[in-house]
Amino acid sequence: MPTLSTGERVHVTKIVDRRTPAADVVVLGVRAPQLARFAKPGQFVMVVPPAGEVASVALGIYEAQGDRMSVLFFVSGKRTTELARLQEGDELTITGPLGNGFFLDDAPSEVGIVAGGVGVASVLTSAQELLKNGCRVQLYYGARTQERLVDMDLFARAGCEVHAATDDGSFGYRGVVTDLLARAARPPRLLLACGPSPMLRAVARVAAEIDIPAQLSLEETFACGVGGCWGCVVPIVRTSAQAPSFPPAVLGGSDVVNARVCKEGPVFWAHELRW
Amino acid sequence: MPTLSTGERVHVTKIVDRRTPAADVVVLGVRAPQLARFAKPGQFVMVVPPAGEVASVALGIYEAQGDRMSVLFFVSGKRTTELARLQEGDELTITGPLGNGFFLDDAPSEVGIVAGGVGVASVLTSAQELLKNGCRVQLYYGARTQERLVDMDLFARAGCEVHAATDDGSFGYRGVVTDLLARAARPPRLLLACGPSPMLRAVARVAAEIDIPAQLSLEETFACGVGGCWGCVVPIVRTSAQAPSFPPAVLGGSDVVNARVCKEGPVFWAHELRW
Amino acid sequence: MVTRMQPDLSVRIGKLDLAYPTLMGSGCYGSGAEFEPFVDLARIGGVVLKSVTRAPRLGNPTPRLVHTPAGMLNAIGLQNPGIAWYLAHDVAKFASRPCKVIGSVAGFSVDDYAVVCEQLAARDEIHAIELNISCPNVASEGETFACDPRLTARVVRAARATTGKTLIVKLSPNVTDIAAIAREAEAAGADALAVVNTVRGMAIDVDAWHPRLGNVTGGLSGPAIRPIAVLAVYEVARAVKIPIVGQGGIETVTDALEFFLAGASAISIGTANFTDPRVPETIVDGLSEYLARRKLASIRDIVGRANLGFANAYQFEGDEG
Amino acid sequence: MVTRMQPDLSVRIGKLDLAYPTLMGSGCYGSGAEFEPFVDLARIGGVVLKSVTRAPRLGNPTPRLVHTPAGMLNAIGLQNPGIAWYLAHDVAKFASRPCKVIGSVAGFSVDDYAVVCEQLAARDEIHAIELNISCPNVASEGETFACDPRLTARVVRAARATTGKTLIVKLSPNVTDIAAIAREAEAAGADALAVVNTVRGMAIDVDAWHPRLGNVTGGLSGPAIRPIAVLAVYEVARAVKIPIVGQGGIETVTDALEFFLAGASAISIGTANFTDPRVPETIVDGLSEYLARRKLASIRDIVGRANLGFANAYQFEGDEG
């Protein structure tokens, strides 16, 4: 049997709590000591779907504390519908933690976190870690309506400054969250972002405009989640520390390679992406 | 919209009770006034599987009284596993009642009912009807072990004489139920049977030996359940009242046609079958 | 208050006018009457009848059906009373159906198809003919026709010569190049193509060590084959100009839309009726709603529109394939 | 107490001895290392590496994956660093795998296959070679080889000439007659056949009106295709004498047994690893248990035994097909 100092392995867990912070949004908490212990901010897990659906579901690690970790997901398709049916006491098999999380080691003292929709699931642990290290953390959180802005209090209680935006103006700024970010009175010195692809592209633009670095947690359809199938790639510049061992190709004048979002990511520096 | 005096249609029902009389055996009771009202003994329903499985599940009508009807099933594959997960309050869509039930109109005063395993699900309403009409009803009930002999008390309370057999002898006669039937001190004058195919063939043999008629409720894999796909056939002699409108073919010297178990059946007279 | 236009769901397949673009698949829906207790047949386009052959057939031994992941295998083996009995006993009843009735013809020789097609098409109760040259469940050459471009051409020509009614030719997915077969069928005079029949498959009972179907092999249908069928429609639509009746695993309005966007002018629903007989009406309602939401006047406006390509497709310099 | 014999799960595929009859499918399992945190590789037979080509390939644009009912579509497009880089940077690492390592070769010409096969087979870290002549996801002739008996023969002969190592030829299900292709591959010198690669398919985004895969079409894998794959194995087993590596939708021990009974000497697991990485070990345990329960000494005792026919098959007098 392989012995793993990282705690990467298959975890047969039990659901210890379940809540629905918004319509079609579910948080499942499980007892999983190894997972909770080894998870780094921004990493994800693969959740084995109950009822025989094909392919595990990639979900961010929402909370990780003591014996417990949780996932937060939007009920969008077959597999998340099946996951949403699970109740306290049910078993859930999870592999992970997987991927590289956010790079927080040399984080500056003022960090902005941008979350869109269920992207919020992948940033709470980063906020907690940064706050613990004495950072000032601003959360820019966007959603369609007020009801979909879930768990803002968790972030506020942890010590974040929360700036919210909704498409319909039902809470906070009316418009997209990146507009709110672009108007920030005191811009942060590093951005971490997770959300739908158009939001991430906008974050990259704003970051370039105000000239600060940004780390983006990408989403792609996964199959294996561990780097085995090359299904989840994104082109990045060859010089990146995360570039896989591959001969380069030329795209728009730079040397690029297709990196796996699950293995070399899911977090990439905005300036490295050639998407 | 078609108007149906028979009450045959699609019923969106609600589960009002659920119990598990034995391991892997589930009884689901639903509120379905039309179904309960129009169901005849020995008819079946098609239950739309939850969670997107393909093809409805054919199940006998176990109980039908007042507003309520129930099904009793063995958890054997994907679809019954899904059905078994349902809880009180969940919705269940059911079409039926379907097929011809047992032919009880000219039943003699002493009837034997043979049930094997979950075949018991298709005979309770017949027992009730016969008893109501003043018949003497003997139940010959076989199962693998005592635990799998479910709801014997329901039959006893209704007024049946219950004779049980188990493969392992853990209750009643040790051996197959048809051996017990063959030894009956006072044989009934008509047999109704539902159970696995080897049992039904044995019932047909015993009935021929002691020279009494037998009605067998057959089981075949169904697709449509309403006579549309011709997937569920059994060869019967052409002269049967149940024979479908088809030119005859010759099998073992008799004129036969392939009848649909779902439409011309599921109940056939033993002497008509050429299987 | 604004009066909302009801989107137009009618389509024309050859000379056949359908009020709704939804047919019920041959062999899955009897003659329609079997499903009348559950569905308003006036709200579907038409029923494709169970395939009929020249001589009566008792079909294959049971088991004829096996459930598989997201699908099922069937091997009915074309059980039917033969054309003579059919004309004498069954066809008259079809006159009362409140939807279009499409006959389906199967056979074992070019002559078989021509004879049965002629006799069936001569009847007023039958509004169009589908040639089932792609049944995978008969021991002899049942499927060979749709697997061979030349045989396809011959059988279609022969049937075409017997009738002026709309002729729909049903193709098999079990071929290397379905577009080539489609082109032959079109050139030989088909008015439309049904794409696709079932995919050949097999299941084995691992306890009893024998095939789970009496016929050993069968045809796979249901959602499992939908991606295969969508591609077949997409490829055939690029090869021919005649309309396509798309089918294979359609269960929901989303599934149906995939086929229209791939290039089908109408769709056919088979296996989904076994799961839930409300599916045909649910899909018709869903199509109306989809078109209304997008302010489209007709279902015809979306046929074959899945070809807009990708915004984010990248091209690398020097990439070879 | 009775000492129970542990059933023998070892099999021989050409010259390749496998301790367990379970390979991990090419393109699904990286080089094995990616799955080591979850599985004991010493308890599987071997890993078939991701296919490698002569020149480096960046593969297809994303999305490369789509989930479908009981399956998934992929269109990776053979992303790989090319044989030169592969030999220089990657192959040495394979020496440490505690199971057999099978190289997979893809190409666009007969020459491509011969060149890559020769260079790869020359390395000690590679225990056998699989020829992927059936990849449906490359724009040019990627799959043409396995769809044409003559091309199959030519490419297999050319590869055969370069190495004495076990040569497994991977066939496509997207053909009219897979047995004919199998016979050509055998005659041209294949030691074994991998049956089957993915089934061609497509999915359409009905909101955005474009294909859901960057490559438009893709290959369908997973339980949805299992009945198709089981039949392919059954037909190929009746056409050739060389061993078959069965694959397509294997998730459980029951699924695996279907393939052995159909005629496979070994199986390959691909998509199921994406659902649950414990599948390979679960299947190995399940096979041992099944054989022990039936008092069979070896997995080899069940290969091809699904042909016992039906007790209840009836024959009607005068029935024609």
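For reference, chains read A, B, C and D in written order, and residue numbers begin at 1 within each chain.
In this section, contacts are C-beta pairs under 8 Å (C-beta built on N, C-alpha and C of every residue); 3 or more make two chains touch, one makes a residue touch a chain.
The shown structure was predicted, so the numbers you read here are calculated from the model rather than taken from an experiment.
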Set of chains whose contacts include both chain D and chain B: A, C
Chain whose average C-alpha position is farthest from chain C's own: A
Separation of mean Cα positions, chain D and chain A [Å, integer]: 35
Centroid distance [mean C-alpha coordinates] between chain B and chain A, Å: 54
Chain centre separation in whole Å, for chain C relative to chain A (CA means): 45
Junction residues of chain A - those touching two or more other chains: 52, 78, 235, 249
Residues of chain C touching at least two other chains: 58, 62, 69-71, 222-223, 312, 314, 316, 319
Chain B contact footprint on chain A (complex, rising order): 51-52, 78, 82, 85
Parts of chain D lying in touch with chain C, wherever the complex brings them together: 55, 57-58, 61-62, 68-71, 73, 77-78, 108, 138-140, 142, 147, 174-176, 199-204, 206, 208-211, 214, 217-218, 220, 222-228, 230-231, 234, 249, 254, 257-258, 261-262, 302, 305-310, 312-314, 316, 319-321
Chain B to chain C touching residues, read off their complex: 1-2, 4, 6, 8-10, 48-49, 53-56, 77-79, 93, 95, 220-235, 245-247, 249, 257-258, 263
Contacting residues of chain C [partner chain B, same complex]: 27-30, 34-38, 40, 50, 56, 58-59, 62-67, 70-72, 74, 76, 79, 81-82, 85, 89-90, 222-223, 271, 273-278
